[in-house]
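Two complexes are shown next, each including subunit A; its partner changes from subunit B in the first to subunit C in the second.
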Partner chain A sequence: MATASDSKSLPVRFALYITLLVIIAITFIPLYWMVVAATLPQEEFFTLPPRLLPGTHFLENLQALEARFPYLRSVWNSVFVATVYTVISLFLCALAGFAFAKYEFKYREPLFYFILATLVLPVQIMIIPMYLLMAQFGLLDTHIALILPFLANPVGIFLMRQSMLSIPDSLLDAARIDGASEFQIFYRIALPAMKPMLAALAVILFISQWNAFLYPLVILESEELFTIPLAIERLTGHQRIYFDQIMVAATIAIIPMIVLFLWLQEHFVRGFTNSM
Partner chain B sequence: MSLRDNRNVKSVKTSIRTTRNTVRDALPTVPGVPYLYILPFYVLFGLFLAFPVVYTLYLSFFEYQGPGSGTLLEIDLVVFEAGVPRISSLEFVGLHNYRRLFGDALFLQSVENTIIITLIQMPLMVIVSLAVALMLHAKFVRYSGYFRTAIALPVTANYVAYSAIFLVMFAENFGFINYMLASAGLPTIPWRTDGFWAKVSLALALDWRWMGYNMLILFAGLQGIDRRLYEAAEIDGASRWEKFRYVTLPQLRPILLFVIILSTIGALQLFAEPMIITDGGPANQTITVVMYMYEEAFSRFNLGYASAITYALVVFVTILAYVQLKLGGE
Partner chain C sequence: MTSIDLDNVSKVYDPNGEAIEAVSDLDISIQDGEFLVFVGPSGCGKTTTLRAIAGLESITDGSIVFGGEDVTDARPRERGVAMVFQDYALYPHMTVRENIGFGLRLSSGLSEQEIERRVEETTEMLGIEDLLDDQPGELSGGQQQRVALGRAIVRDPSVFLLDEPLSNLDAKLRTDMRKEILRLQQELEVTAIYVTHDQTEAMAMGDRVAIMNHGRLQQIGPPEAVYLDPANKFVAGFLGSPSMNFLEASVESTDGTTTLEADGEFRHELPAGSVASSATEYDRVVVGIRPEDLEIVETGGVPVEVTVVEAMGDENVVYVDLGSTELTARIDSTVRLSRGDRIRIDFDSDDLYLFDPDTEAALETKTAQLTAYREPRQADATNP
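Up next, the complex of A and B:
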């Protein structure tokens, strides 16, 4: 590849960079336009030609949105549900993954492959029984109902087991000889050694809960419990649609995640390529 | 900030793994502990994954009458007594729900819509993401890492939130896209009122959301191709096109197939985008299978019929996912 591409002529390179810039422009335009729309007063939003520079009305628009719908509450709910879910699920997946990677026990293989078999199932298959179960448990319209069913995450246990295999047994045995309890071995030695994989899995888990829409839509009824997707759905479903307010809501949902992505990029990318 | 290579990390990991394999039989057997470790996982797994998979299938042979009452099953183990509650009252209807699928015009419409949206969305996305991955992989392109980061940004966007942006952008009268078309002297497009263009608007939104993600996967695949293959092709006097045709494409084939299957699975499960952007309209022209399932289940409470719809979907998705796992194993 090297020799051929080095000899590429200037016009070819130029065309290539232009194409890339066009693609980047297409990527950015909806996001940029979202910010513009979120920061303009509603009246200016409808002028032709459309305004191309952001305004200064973000807080006013946010106040108008809050007056109609407790959106910041939804943001908090989303952060809360996704964080609690991520922490507990991470722990359960790591614990079970550690057992599968580092202990010998009866039925180890069949138990593990049983979980692997469910990796291929789409989430829709659980929705209706889960609704009936949550109704039975009296958990409809609660955050617990959003967190509980997905804690046992097949992708999570799979990734944890795979990466726990790489912990040297001698390290664990040395700790045993030093008198560490089995749980200390997991908690003090295995977990810290798994930090990069834990971070990648945390990203996968957090995002899956953050984006969840269909299942929360089935479970939640009260506006004060809504997560971001439900809140935005409610805003777009009204008779009169306030575009500036919807764009404020979208901006608050999207921009922090972009910042998080830029900050934790390696974990994101490892998460994406590992969850394939 | 750039996307850093994890190659060093990976090589370290593999070397540890090899040493580990040589002492495979040395794993400790500590009575009880491993079972204790997997217990919480399996309780939740059994209740919320294994049970629903079976119960949805079970429900698909019944008609739902309402919430259940009483006890379905008594477990009496002398020291331990428990009842499994009946979670719904049902009437057995055999294969009726499945037969109904084939005569249900709206269901068939939802299948057709889902397939058409996939057929518009996927080829464009795969071609563009492959082209971008190839461009960024070219040796002379500088700042490739920055370009990748910029193009990958939409992967962070919440489904419903990004759908809301496109809802506004595709508005017919004062939407950004029609405005741009009009200013360029082009005819505006009936994104809301024409069934075909409504599907196109969904496909374009999906392409925007997933192009960067697939580009990252394809880029990783390109990096994995052995450079010596290109050197060998060069010695044989291969042109640039021949190198692409006889080295890059065959080497990338499993990953390309993976991307295509994964995107198809995602498209079959389409829900948030049509809910927000088109609301299934106009005239049910963009209602998808999952949307229809949702409406049958939770607007009309036909839980039995909705379960049959779910299983029809599950069969397709599972076959595709299974093929994908097989490919992944290669």
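Up next, the complex of A and C:
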């Protein structure tokens, strides 16, 4: 079967592949160098020509990092905060998306657009009010304060709603006839049908919480509660920047993300292509 | 099994403050074990009615009674209904086994073993026992339809609702499934309500046919009765394929003879009798005649010009121009005609239908030819 790429002439395809290779290189080289640097002692960082192959110093660098800062604790904190946030937020976004897509209620459209409108507010604007709010609730310097305010994620609600619109109403009616309650319809029919979108959204939500820096910086004070971005920031000392330790920390930081993406990649792509 | 009474059921949608009446004052009694077919064009209110009976749609006015019990406000699961949808509505993430057993697992309280036994029994009845572990996406349209039927009958419902279940199937499969549904309904002796826009399907399947238009019931009765004795011009035109021919004619009564005159050279003298007596009170009437009642004659009749000939194999459908009116005739396939031929067509006065030009109510139909109304099958079953 002829595809779009078959119909392109050879020079066009060649140019296309070269462009893609350049883009891949631009993306991949810094990551590769980060991994290589994590295995080198700091003295070998800036040699010329630069070292291109990994060294053997990874464990030494990791030990030095742990001696200076409880980094693995931060990794656990990040995994905990991002996972709890992702699971609860997925559930709430799916629930809201289902309601907006499949139920008639008063002010449904204005309410949906109001939620969408909150997307234009940059997080910096919300930091001070959110800080004050968390202070009032007595949640400062807790992981709950990192999770709670972002649970109803407008991007998540939007994506879930768009996806839920594609579920035929007859499927929900069939479940009603079969004796399912409205929550059972959501949980047993709509949610399983939304697996690709849930996977895509899980990756988005997880990354957003994993990479969050400014807001956790304002909320958290205790080092033992720090997430990875705060821990890495702490490695940048006043007198000296510990590049070897930062590279180890950064290398470890991307591992869960890669695992998550590899695990969900099939659904991730399908989720986006189906809902957009 | 249960009887169903719809008492003055109305449904008004009010999406933007602008009331739309989808169903208006519907009053129907459906007998125990009867197969009733709702038929009508798109938007006539037939599906809304079915959904209201299922409990998927609330009604604005009136009441719905199942076997003497008012279920107007009951939820679908409290009504003991099963429904088959146009797009089958199988749960895509479940196997055939899980799809069929889903309702039983949710609300029957039966043991897992009993559920399994019932699922297997049902699939055997439908000849789909080999598909139990397949996903709906792996099945053909006909197989999906059988699974949808299985999901409906496994729960042993008191009412079986079918919403255009055959419209996505090809013609051959449609005929097979038609028989299959009738067989199941008779075997299970369940009250069935079937919605379709296909009048052939309606006539072939229903013990009674309810014809709807613009949210109103136009007529209800056994297929032969509504076909031969339509209540109005809409019913007469909707039932039958090709549709009944209509032409407006003026009525002249002189010296005891009544003559109908219309476009072209249409002039037909009515013999003294029932047709004539109903026409004499009017200046103008709408004359209806079914395509199968028109015949080609050598002499007499009305001269017309052939415009299109459709060869159907067993017969030819011929479109002819009578002045500015187009008529359709079903004729024998051995008569060869082609576009532009000038022929003469005639008909029997007994085959004429007359309608009031203003109200469109039937003035004259073939009531006299209605010799035997088909009794509901339930009655047959009790009289072996």
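Everything that follows uses one rule, which is that the second predicted complex is superposed on the first by the 214 of 276 C-alpha atoms of A that agree within 3 Å, B and C clash if a C-alpha of one lies under 4 Å from a C-alpha of the other, contacts with A are read in each partner's own complex, and residues count from 1 in each chain.
Basically, a contact is a pair of C-beta atoms (placed from the backbone, for glycine too) under 8 Å apart; a residue touches a chain by one contact, two chains touch by 3 or more.
The structure displayed is predicted, hence computed values, not measured ones.
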So in the superposed three-chain picture, is A:D178 touching just subunit B, just subunit C, both, or none of them (first/second/both/neither)?
second
Look at A:L148 in the shared chain and tell me whether it touches subunit B only, subunit C only, both, or neither; answer first, second, both or neither.
first
On the A-aligned overlay, A:L65 touches which partner chain: subunit B = first, subunit C = second, or both, or neither?
neither
Where does A:L201 make contact in the superposed view: on subunit B (first), on subunit C (second), on both, or on neither?
neither
Kindly classify A:M164 by the partners it touches after superposition: subunit B alone (first), subunit C alone (second), both, or neither?
neither
Touching A:A193 in the superposition: subunit B (first), subunit C (second), both, neither?
second
Have a look and say if subunit B or subunit C is in touch with more residues of subunit A.
B
Please identify the positions on subunit A that touch both subunit B and subunit C, taking each partner from its own complex.
168, 173, 176
Counting only contacts in the complex, subunit A reaches subunit B at residues 1-6, 8, 13, 16-17, 19-20, 23-24, 26-28, 30-31, 33-34, 37, 46, 48-50, 92-93, 95-96, 98-100, 102-105, 108, 111, 115, 118-133, 135-136, 148-152, 154, 157, 163, 165-169, 172-173, 176, 182, 186, 196, 210-211, 213-214, 217-218, 228-230, 232-233, 235-237, 243, 246-247, 249-250, 253-254, 257-258, 260-262, 265-266, 268-270, 272-273, 276
Which stretch or stretches of subunit B touch subunit A in the complex?
1, 3-4, 6, 9, 13, 16-17, 19-20, 23, 26-30, 33-35, 37-38, 40-42, 44-45, 47-53, 55-56, 59, 67-68, 85, 87-88, 128, 132, 135-136, 138-141, 147, 149-162, 164-169, 174, 176, 179, 183, 208, 211-213, 216-217, 220, 227, 230, 234, 240, 243, 258, 262, 265, 269, 271-272, 275-276, 279, 290, 293-294, 297-298, 303, 306-307, 310-311, 313-314, 317-318, 321-322, 324-325, 328
The answer for subunit C against subunit A in the complex is residues 51, 54-56, 75-77, 81-83, 85-87, 89-93, 102-103, 106-107, 151, 155
For the complex, give me every residue of subunit A touching subunit C.
168, 170-171, 173-180, 184, 189, 192-193, 195
